[in-house]
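Quick heads-up: structures coming right below.
In the two assemblies presented below, subunit A is common to both, partnered first by subunit B and then by subunit C.
Up next is the complex of A and B:
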């Protein structure tokens, strides 16, 4: 009896989490002129409108470029740091770990202000470069957490075997460690991309005037009222932000099982 | 160079890019805004370098800032409590159910990933004047005019709960998963009822997860300015909105620095207290 009550509660909690999102997706295929109920018929016209909207396409290009560069830089830094932390006896390990995680312990607004004002003093104004640096610094901790967790589970003796058979440390890394680590690196990259792609808190501080990412574009469009286009754009965002990590997890799992890791 | 020396240097070579990034993009900028907060923005729009206490005096003594800070902490506290009440039972059910593990993982992670801005705006479709609830009530003839449900403090809290609940569920889940199930069985076999064994065994053991989830909900909730902008009314600004206003709208950067540091001080103190009693390890588990 108590258990059923708990299950009922859980179903309600998940309805609360998913129902509003489902409504966005439902309304995005509504034929009605207005981005609201009632449903007047099924139509994909709002997605076609999206594809013809220059501002939205520009925002997508900016977000994809920003996310891709963020993912590459942040996972490179993250993988190297994780290797050092897991594979070596580093003095002051705890302090270093905490430092590397610090960007998510500081409220993002504060990080955004500090970075904006500091780089401004260095004559680096609001620009794509500032956005990129901001996104790298706050995705880095997530990459490190993901990669470290995976690295711990790679057995050290495989690397030692390679070395004892004459491989150099660089060869060992490239031919043994990196392939074993690839699923984690990949997951970390997708993670960083998704976080960057969805960020708005820091981005609104850092973006130069006239440049929009997809979330800031949506935010600007919300100032008027909810249009059917926003719901269509929302659906694309939902599919991307939920889909990419899912794909990442599935691929990481397959790669891991194939390698017997 | 000896092999040992090279071996000892290697981790630092690997760590240096990431540590440099954190130093240059976080630590030095934070130190810089401490200095900046003592400068003064003059009426010409230029900064006067020096040691002025004006910004701090304004930030700390103005009732306006204090009231909004207290209100922000109140909103974050309510959000955290609601998240705990909704999230704990859900995490318990997910942790104890025998269903497909992949599906359960999906339930835990999917709400995290779905775009924050979209989840926030999705409530306009539900609660807006032409949203789902008003449309349904109008169609049923229960109301003649749409009810204004949006743009108040309650909808801000609603949006924050929707945003932060996954953090609570995941953290509680992680700590429940780490509890040895036989402890509960042992309590039962010694005569405790299911409820007693939960209250006296499982709940205390899962408190670290609840605390980690609570900390994340509180700190992330208290640091937001997007949710009040999308779901709040004109008087529902939270403290981070003041920071945004000072920096982006008024371009008073020294004052904005002081306000940012105030927010960091309050939330940082909370993280420090948490770290002192529970350590960071639990928090990291729920984030990774």
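Up next is the complex of A and C:
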């Protein structure tokens, strides 16, 4: 009896979470002019229109460029910061660590306004570079958390063994530490990319005029009308943001199994 | 020539001094063990030789050359750790070949040397496997192969057997000694296990609190401890307070309240020269318990009473009350052990005794 109740609740919770997603995906293949039920037939016409919509394609390119650069910069900085914090006696290590993690704890709106005001004071104009900087700031904590956790589990004596065999500190990092760290770096990059790709709050504040990312583009389109194209775009976003980590995990698992589990 | 020479080495961590002005010469080709309880500075010393720690003071020379300023990767040392420290993402063969890459060894030559190293550690067929697929003992053999394939000037072993289970540890001990003997590399071995130290070493360096207590061959350290610490740390000893009551050319007479006067050879009492307080040291296995009255020629006997029996199978450890002292005796069991409360005769041969200077009294 008690178990059945729990099962029922679980199903309801999942429905509540995933039904809207399913509805969006379902409606994206609806042939009707209006994005609502009842469905009138199966069609991929909204995807075709999406592919012909210059504004959306431009937003896609911006988002992917932004996400990729964010992932690369964040993971580079994250690996370096983690190395310093875990492997070296940096003065004020705890304070630095807390400061680097802080962007997760501060509400994004506050962070967004703060950065904007700061740049205003410095009289720097909004630009793509600023947008990129903002994204790096709030994806960095995720990278650092993932990489640090992994780095702590890499035994120091493995690196010491490599050095005793003749590898310089740089060679030891490239030959031993980085390959062992790779799954975490990879996960951190995926995190950074998907967070950047999905972000709207900070992006709305920081983006220069004329630049749209996919989320801000959807937001702009919604203000005019609810076109079924948005459902198609939503579906693409869902597949991309859910699919990337799945592909990533599959790759990581294959890499692990090649080395004998 | 000594392979490794430490001169007045001091190592401080903040206000804590881990190694106090230590000097040591490690002979070429020797198997030298740094032995002591945890926190005695033995691992710190090894890490300074390796170049993983910088000494606060003093000089380290390897092969007659000062290496204080030489970083670890240029010292040409083989290092084996307690937890194997194999590279988990590289195959066994790649693990062993790792050091050869930095020595410009041609590919074919490297492959041959890897094969030879695998044969030396008696694991010729595991080259393609990954460390995780090997047992602990096998992993430690691979770690050893990886360290010796580079033909190091000195092999440094940091408690390499402590992570293995008891049976394996003993067979690895024999194996390790065989390999070291075969290649003749100077070896510094760090352990807290006295039986490992006694079984494997040419020379044992007993350390305590960052200082050297005694340096000597295993038998020397065991039979003629230089300090009370060494006497207590190695094996089970009875240490009795007494005084030197007489001396002649070759022997000292030491009077201990519990067992009377014992004549100890001067060679077994290196720290004593004449009258004054002394300590008499008798190994627990050198005390023979017998039925009262059964005395063998050349033995000294005192009456005692068995207080506790610690049965160990082939032997038993007895705690025997003799006068005001409790003595420890480890005897092989002939028929059946003595029982608690039994009156016994405690017999000892004076030549089994050693003596140390007594405390300031």
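Here is the rule we go by: the second predicted complex is superposed on the first by the 250 of 261 C-alpha atoms of A that agree within 3 Å, B and C clash if a C-alpha of one lies under 4 Å from a C-alpha of the other, contacts with A are read in each partner's own complex, and residues count from 1 in each chain.
The working rule: a contact is a pair of C-beta atoms (placed from the backbone, for glycine too) under 8 Å apart; a residue touches a chain by one contact, two chains touch by 3 or more.
This is a predicted model, so every value here is computed, not measured.
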Which of subunit B and subunit C A:155 touches, first, second, both or neither: second
First (subunit B), second (subunit C), both or neither touched by A:176: second
Subunit A residues touched by each partner, larger count belonging to subunit B or subunit C: B
Subunit B versus subunit C as contact partner of A:165, first or second or both or neither: second
Partner subunit B, residues of subunit A touching it in the complex: 2, 6-7, 9-10, 13-14, 16-21, 23-24, 27, 34-38, 76-78, 80-81, 83-85, 87-88, 90, 96, 98-111, 113-119, 121, 133-134, 136-137, 140-142, 144-146, 148-149, 194, 198, 200-201, 204-205, 215, 218-219, 222, 226, 230-231, 234, 237-238, 240-242, 244-246
Subunit A partner contacts - residues on subunit B that touch it in the complex: 10-12, 14-15, 17-19, 21-22, 25-30, 32-33, 36, 86-87, 89-90, 92-94, 106-107, 109-111, 113-119, 121-126, 128, 130-132, 135-136, 139, 162, 165-166, 169, 194-195, 219-220, 222-226, 229-230, 240, 243-244, 247-248, 253, 256-257, 260-261, 263-264, 267-268, 271, 280, 284, 287-288
Subunit A-facing residues of subunit C, complex: 50, 52, 71-79, 81, 83, 85-89, 98-99, 101-103, 129-130, 132-133, 143, 146-147, 150, 156
Residues of subunit A touching subunit C in the complex: 155, 157-158, 160-169, 171-172, 175-176, 179-180, 259-261
